[in-house]
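Below are two complexes that have chain A in common, paired first with chain B and then with chain C.
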Partner chain A sequence: KENCRPDGRELGEFRATTVNIGSITTADGSALVKLGNTTVICGVKAELAAPAVDAANKGYIVPNVELPSLCSTRFRSGPPGEEAQAASQFIADVIENSQIIAKEDLCVANGKLAWVLYCDIICLDYDGNILDASAFALLAALKNVQLPSVTINEETGLSEVNLKQKNPLIIRKHPVATSFAIFDDTLLIVDPTAEEEDLATGTVTIVTDDEGRLCSVHKPGGSPLTGAKLQDCITRAVTRHKEVKKLIDKVIKSIKPK
Partner chain B sequence: MPLDHRRLRGPEESQPPELWAAGTGAVPEKEEEEDAAPQDPCALRPLFARAGLLSQAEGSAYVELGGGTKVLCAAWGPREAAEPGAAAAAAAAGGGRLLCEFYRAPFAGRGARRRPGSAAERDAEREAAAALREALEPAVRLARYPRARLAVSALLLQDGGSALAAAISAAALALADAGVEMYDLVVGCALCRLPGPAAAWMLQPGEPEERRAVARLTVALLPALNQVSAVLGGGQGSPPDDWAQALRLGLDGCHRLYPVLRQSLLRASRRRDATAAAATTTTA
Partner chain C sequence: MGATQEEGKMATEGGGCCLRPFSCEQGLLSRPDGSAAFLQGDTSVLVGLYGPAEVKVSKELPDRAALEVLLRPKVGLSGVIERSREQLLRRTCEAVVLGVLHPRTAITLVLQVLSDAGSLLSCCLNAACMGMLDAGLPLSSLFCGVTCAIDLNGVIVLDPTTQQEQEARAVLTFAIDSTEKKVLTATTKGSCSVVEMQQCLAAAQHAADTIFQFYRDSIQRRYSKS
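Presenting the complex of A and B:
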């Protein structure tokens, strides 16, 4: 009502975002993202497998969002609960709809060998807005991945991996997610904390692409939203995309000299 | 293999690219051996510890060892014991319960990605959690929390050797950070013995050494009281003097690591006081 939130932010203001790339050396690519208190780490491991019969020239990208019990008391240990499964599905949809990586690029030999990118996103601290942080971490980690080059030996038909020669992945698009929480059908706030999410009557997540293009809108139930309000959300998401893109470029540039 | 319906499915089988590193594959191995040989067996890897960094847990700690082992641990103070059956048993015993969990990130190991949810993973995690509980129980004053349960959850982000030892230290730090009453901090230290006729025991092995080791040992010590809370290990047999010497080496390592952990706890409490003071001045 006073146009101010419990932690002093404006309605349309995001929490301080920090990104750290390449911290896990055992993974092929990794990124740690902090949105205020919400901390998410994404590790990408690349393995080789035979492509599926019906998509012989496509590789695989398998996202997996884990919300372990250490990130918050609301999650129990054991197999992934509802929220984790929903988040995994959301990330899979983002990858599919935005074509962040063309699966054809992951193919090494048609019908015989292709890369599988296992993207494991683990939440370390849950303070709301997990979808934004996960999408951001995924994007940063994929930009950090270096794949060893694989050649198929013509005579023997076996593959040879050259671990010394590494190439970065070709990232075609840069999708960025922006989440809003809806209160009483009218009030919209950006980047909700866990407290705000619990009190909200609904949430909506908008994924935008480069050049201000809309990629996907994810509104899992909750209170209805007018068309005009949705338009406001989309405009805000486009602005956010530019901020995030700048941040990622800055981070990538800072590790290039290594 | 039973289908895991709760996770998105990838291909049935996949192999890490290292399997096919033909020709060039032999060279990195030799380089590793040459790097590892001149390492001093009594040298401790640099340890970085920081407590109080997660906002959602009552106590938390992050421990990082020089070779790349990264462990994050969170602890929660006394809460109502959930199951009535267990409460009766605990009431009979007269103390609270300590529940430990150990989770390995799928990207933590250097080889193939561990598939989360597979039976082998779950067994390894359960074993590690039991080991953690064994090491921590003697240090916590469970008698002060009757019918309550304390939860500790450890997450291994990167395995560069000595993972269980680092997890023990992190878990003890997290419990202390949560304000749980303890007799002392538990410090963990790992040792391993490499193959070879006259090989000596080595403190805090790195990942390549652990892979080649024929005997492994993890020691957990309460340094101020000089009491050993857990000794876990096994491997190729050797005369008992050898194991006694290894134990002494491990205890020495623990004593040396203790000041670092205490410093991090002090710093964390100072930080917490500073933020609390800042919050009260702004509201007042």
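Presenting the complex of A and C:
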């Protein structure tokens, strides 16, 4: 009624977002994102593998979202539940739809060797809006990845990895996800907490990229929305994209080059 | 209970804006409480519905029915994509089923993909709705699934085939509800501009009219016979 939420935010206000890049030294790239209390860490490991026969010049990006029982009482330990699998599929779709990395860039030798990027996104603290945080963590981690240069020795035919010479990945697009919770068909609030998500009658997640193009509109059921309301969400998502992009650029600049 | 079969068509309007011929068969399975087979062109999905029925104590909800959706692919074991689609279907059905009339019960939908020739998700949505109608579940509104593909020239193609989906720049699937033509579910593949998305949505809402008319006709014919 007073247009105010339990934690004092306005309906269109995001929680304080913090990003920490390069915290995992054993990973090729990593990022820790905190969206209020929701904490998500993404680690990217690169390995070499033979490319698929039908896509000989393409590498692989394999995302995996884990919601361990550590992050919330609603998740039991054991095989991944439906929410974790749906989140993994969502992240895979975002990578595919937005072409964040051209898979051709991951190819080392056509038909013989290509990079596989295993992106493990683990939630450490679940307080709602896991999709936004995961997408952001993935983007930040990929920007942080340094791949060693690989050459194929022509005489032996084996690959030689030069760990001293590293190149960053070419990130083509910067997709940013914005999630909304729907209440009673009319009210839309941005960045829901876990409590708000439980009470909501539906959720919408919009992923936009740099040029204001839509990479994904993810509305898995829930209260119906008119086209106009969906348009409002998209407008808000575009604004959010600019904020997040500024934040990422600031963090990348602040890392001292090794 | 005899099976009833109905066929529907959407008149060609020029441009790719027409649906493939679709048909539906209801009440074809004897054991489930409701069943339907929905065919869109060459894509077909069979759905069996059980409920409201006894629920395990661990899964029961005190104030409403607990809905569960199982989607089985044509070949192989269920993977992550099926889980994601199951979540989508479940939340769509939960939005329309009046679960509060049957607390502490379970409603189970089992979908089996019989053949996939494009627009699979919208076929699943349509089959689920027809299945729920056949089972006689209390619903606040009906819904239908429409898939749109935007090809490389920017032309919108409704109900694309597998070939058209692969060549398209973006494929959007919407579930439209019957009362106010609002968007119940939306999922996209590939990237498109905001304007294109709104155009697809408008095209989907228009096509939804045909599908709802088909639902109405098929139910009318079924009950006027007996």
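We take it that the second predicted complex is superposed on the first by the 255 of 258 C-alpha atoms of A that agree within 3 Å, B and C clash if a C-alpha of one lies under 4 Å from a C-alpha of the other, contacts with A are read in each partner's own complex, and residues count from 1 in each chain.
Going forward, a contact is a pair of C-beta atoms (placed from the backbone, for glycine too) under 8 Å apart; a residue touches a chain by one contact, two chains touch by 3 or more.
Since we're looking at a predicted model, the values are computed, not measured.
By the document's definition of touching, of the two partners only chain C reaches A:G202; chain B does not. In the superposed three-chain model, the partner touching more residues of chain A is B, compared with the other of chain B and chain C.
Of the two partner chains placed around the shared chain by superposition, neither chain B nor chain C is touched by A:N57. Once the two complexes are laid over each other on the shared chain, residue contacts for A:V217 go to chain C alone; chain B is not touched. Once the two complexes are overlaid on the shared chain, A:T239 sits clear of chain B and of chain C alike. Contact with chain C, but none with chain B, is seen for A:S98 once the two complexes are overlaid on the shared chain.
When the shared chain is aligned, chain B and chain C each come close enough to touch A:S88.
Looking at chain A, you'll find residues 85, 88-89, 92 touch chain B in one structure and chain C in the other.
Taken together, the chain B residues at the contact with chain A in this complex read 4, 6-18, 20-25, 28, 54-57, 60, 68, 70, 72-74, 76, 101, 103, 105-110, 112-113, 116-117, 151, 153-155, 157-160.
Residue ranges of chain A in contact with chain B, taken from their complex: 23-27, 30, 37, 39, 41, 43-52, 60, 62-64, 66, 68-73, 77, 79-80, 85, 88-89, 92, 116, 118, 120, 122, 124-127, 148, 150, 158-164, 194.
Interface of chain A with chain C (complex): residues 82-83, 85-86, 88-90, 92-93, 96-99, 185, 201-202, 204, 209, 212-227, 230-231, 234.
Per the touch definition, chain C reaches chain A in the complex via residues 80-81, 83-84, 86-95, 170, 172, 175, 177, 180, 182-194, 197-198, 201-202, 205.
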